[in-house]
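Residue numbering begins at 1 within each chain, and the chains themselves are lettered A, B, C and D in the order written.
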Amino acid sequence: MQNIQTVIDSIYDEMKNHLGEGKVADYIPELAKIDPKQFGIAVTTVEGETFVAGDAAVPFSIQSISKVFMLTLALGKAGESVWKRVGREPSGSSFNSIVQLEHEHGIPRNPFVNAGAIVVTDMVLAGHQPREAIGELLRFVRYLSNDDTVSIDNTVAKSEQATGFRNFALANFMRSFGNIHHPVDHTLGVYFHQCALSMNCVQLARAGLFLANRGRNPLTGHTVVSDRRARRINALMLTCGHYDGSGDFAYHVGLPGKSGVGGGILAVAPGKASIAVWSPGLNKVGNSALGSDALEMLANRMGWSVFGA
Amino acid sequence: MQNIQTVIDSIYDEMKNHLGEGKVADYIPELAKIDPKQFGIAVTTVEGETFVAGDAAVPFSIQSISKVFMLTLALGKAGESVWKRVGREPSGSSFNSIVQLEHEHGIPRNPFVNAGAIVVTDMVLAGHQPREAIGELLRFVRYLSNDDTVSIDNTVAKSEQATGFRNFALANFMRSFGNIHHPVDHTLGVYFHQCALSMNCVQLARAGLFLANRGRNPLTGHTVVSDRRARRINALMLTCGHYDGSGDFAYHVGLPGKSGVGGGILAVAPGKASIAVWSPGLNKVGNSALGSDALEMLANRMGWSVFGA
Amino acid sequence: MQNIQTVIDSIYDEMKNHLGEGKVADYIPELAKIDPKQFGIAVTTVEGETFVAGDAAVPFSIQSISKVFMLTLALGKAGESVWKRVGREPSGSSFNSIVQLEHEHGIPRNPFVNAGAIVVTDMVLAGHQPREAIGELLRFVRYLSNDDTVSIDNTVAKSEQATGFRNFALANFMRSFGNIHHPVDHTLGVYFHQCALSMNCVQLARAGLFLANRGRNPLTGHTVVSDRRARRINALMLTCGHYDGSGDFAYHVGLPGKSGVGGGILAVAPGKASIAVWSPGLNKVGNSALGSDALEMLANRMGWSVFGA
Amino acid sequence: MQNIQTVIDSIYDEMKNHLGEGKVADYIPELAKIDPKQFGIAVTTVEGETFVAGDAAVPFSIQSISKVFMLTLALGKAGESVWKRVGREPSGSSFNSIVQLEHEHGIPRNPFVNAGAIVVTDMVLAGHQPREAIGELLRFVRYLSNDDTVSIDNTVAKSEQATGFRNFALANFMRSFGNIHHPVDHTLGVYFHQCALSMNCVQLARAGLFLANRGRNPLTGHTVVSDRRARRINALMLTCGHYDGSGDFAYHVGLPGKSGVGGGILAVAPGKASIAVWSPGLNKVGNSALGSDALEMLANRMGWSVFGA
């Protein structure tokens, strides 16, 4: 094993030659405005040390990475009954496919495809007003990252709300099967705000640290979830965290991870560290191109793959 | 961590109360004849010790578990070019679905669904006669398990050949896309024989040990594959090894594994051990019911999940 | 050929023994309240004579039959450019399937599945307010039937609006592909009102008469569409008018027709007559059970099938 | 109505300017060798007169048009029980799709997609040797066309047998569901020979004449099928006869018809005439490009659409 700072510095050096590669998400106008030539990485170890390189302090829209935090909240509220309304299997299709929903009668395949995350949001809403649920999520993420400056970018949320027809289709479709319990506008109102969480790599790495440390955040001493639940969330991230590129990510990186179309990826090395990378250009399955490459290098050089000794 | 023998003895004690649960595969006449009230487990550690309980010495038809060995052979011959003809993503459908093949133009999703394994077999055939390829596979599995008594059950192979219309459909379909290069009868001839490999739990656990030990079999000292390739095969087993129950297996067990309709499962605890369980009754996604439960207990009690510290 | 009145009287006599068979649509609360033991039939010939039997004067919700009138309006406004946004092929799936839409990028298969009818409605809306488009449709149907008492049942419309999540899903899904041009609420507002058109068999048979008479209504002397367009609308009704029971209807009845879940069917015998039947109980593909049987008898006894001499 | 000879002469004149348009089927080597610059048409009226233009005497491979004759044979043998093993609905997909078969458990949608025709062939085989069934079909088509020179092109049959992997896939797939009762090689042996029937336009128009004349061939006086069965076969041709272009053909031509990839189309104008056209170039849904256009002109100019008065 090598020194972490040395490793991420050398990765950043290599990535500098590739800044701007990939394709920035443009289906949300606000995301399309981001400068693609950025790359940041932060590694927080279970011992509590944080290492950074590049644009690790620049906030970005974490988008689907928020699904991990929302699932954690929902499991806390509903326990294993969550799985009555959403599955745990990889989808074999793109992040916003509606085909599977018709074949499986409104039950999404897993909590990390859009449909599944919308159902999870509907569980967290649990009869409250959207504003309260959004507040609850924001408090939770600030608690996880131990940083009260984490915020939601309302411009991004509004931008998604105005153009998210596909998500309206998914939610109405599931409602037709009885798998959305609140008015679609309420559930999606919360959903669009969670996607608009704005965090930098350091905040994100810290927020995910409990997953690398048996459910307990070593920085704060808080136990977020049980040891078993942390393992299970990691398992879901590994099998379903990168849409139809999950198998590829497992093959090359070998770590549980969750990506977002904003270009961020949160990865977990159990027992070792939580890692956040960010670079806006996406590869053809919708995951950060440079972020994926950086994680492969990091996992290989540190020997962190869960599939090796 | 507890003593391995104590753990598997207690697991066996619990399993005794459930012998015969699940449904024995009956689509192949030969498999339907098996006494369902059997359960065996063998654990071989990277230090070279083997622990057994129950019917660990009874040979059974390993069926799809052979796909792991055949993939290892194909990667040895063709290297990463294997992935030009087969994908690496979970399928999101059952083991013998043909729908995905049509949508993706004859390229199977991964090497562990039937279609993918048939393509992998076609690669290993590589212009040779079926008899030679079958011989090569048998020698390879004997070499891995360090046991020359491993054999192929020709009655099972013939039984599959006579009733395997679905596999003939898959192979012809892929041939229509140019993704099978040999006469369908040749490729399937080899395929049906590999499925008919007969092994007991001890032999199987030993044959998979290289995957738990960075590619090297500590019992023989042979390096089978590189460290990186072992990790990658493990990653494929974890994301795709249990058909449409792969996500569930990762969630509950947290180990790379490959199941067969004969009721066997090979699981890998990287850096720790290779495990083979066998019990003929299958759960509703086609994996050994007792075998899955036993592995969940073992992984939990030994702390072997790849997703925990 | 026999006397029409004699034929429909004998059909009504037979149907009396089966009143209440089939299953009344219950997905819209208002429809579920209808007394199922009703059957009406009206035949209007191209010579202008009308023959009735049973409950031919009882108004019912014509539901999807309205799609024929809306398509006629849209073709009048947009001509053949209608087909840039909707196909002309049978769907091979149920009336509200969303799977096909994903595979064909938001272009519905034909104007008589829900998605297609919603697109057609969006064309008729054409920048106007929903209220105006609803008014235009109502005037058009009154003009076709030459009867100003045809009305829209606002209770039914509201009932559909409150429960039509599947249609909201379809519309939002198509909007995500750019194939809905107005706010989804506007387009669906019109759509739900057109489905709620309330007519009796006599009114409906008269409204469809132009399709049996080369595009000209012989009762009023108005030319509604050209000869060619009438033929083409008939062709669409024959291939696509009964959802996934269209082939079966062609096989047994042999007439262009369009059914609605309210239990009505409008059928066209080119050069001979327009026929409306109504009975609330539906068969398993969602078409009026007694209505289909009655039309088969009528077509056979009168020799009206388009497929015979 | 105009004089038939005048109409087809003028159509032929127009078609001469387009000879060679479209794309000749090349998936069977033998078909790819045909000179694309050919066009023939033959019209046989129910009064027994035959009119020809262009290459009406040149034999061509009728391919899927043979499915009409095979279905007629199967209905004669098995009656309506045919529909237990094959449906009557348009497919909504291409001629050789296997997706639908999986969703509907091995029951093809209709007798005119490949899978359905293979099942129909399996019914006609009915325990006999392939050679006998081929002989029976050939005698039947000679009897229908009243011409003993109709033959089967064995080179084409062998060419299809050697490359028809997709059909082997379909047949094996259906056999896995128990919907093929003979060895796949036997059923497909007959199937490939029926596709290889070689006929010219005159022979083909005469062979289809019974469908235009209530089931009775006016040239020979033979009653082939009942009035009702003729209507029903026509209905199937209209809704399913042109694969995923059936709706379009009904819309433009308005006649029951069946196309083949050899470039032939058989169309039926009930009570008027049987029409055969042939030109090798295919449009993008796989039907003869010039043949479709010619039939649209003919139907319009003669007023033969079943959808007009």
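In this section, a residue touches a chain if its C-beta (ideal position, glycine included) is under 8 Å from a C-beta of that chain, and two chains touch if they have at least 3 such contacts.
Per UniProt, the chains are A, B, C, D = Glutaminase.
It should be emphasised that the depicted structure is a prediction, and the values quoted were computed from it without experimental measurement.
> Of the other chains, whose C-alpha centre is the longest way from the centre of chain D?
A
> Centroid of chain B to centroid of chain D, CA atoms only: how many Å?
Centre-to-centre distance between chain B and chain D: 47 Å.
> Nearest whole angstrom, what separates the Cα centre of chain C from the Cα centre of chain D?
32
> Cα centroid separation between chain B and chain C, in whole Å?
Here the centre of chain C sits 55 Å away from the centre of chain B.
> Any chance you could list the residues of chain A touching two or more other chains?
Where chain A is concerned, no single residue meets two or more other chains.
> Looking only at which chains touch which, which shape fits best: line, ring, star, complete or other?
ring
> Report the complete set of touching chain pairs.
A-B, A-C, B-D, C-D
> Name, in rising order, each residue of chain D that touches chain B in their complex.
97-99, 101-103, 165-166, 168-173, 175-176, 184
> Within the complex, which stretch of chain A touches chain B?
46, 87-93, 100, 109-110, 212-214, 227-228, 230-232, 234-236, 238-240, 244-248, 250-251, 254, 256, 270-271, 300, 305-309
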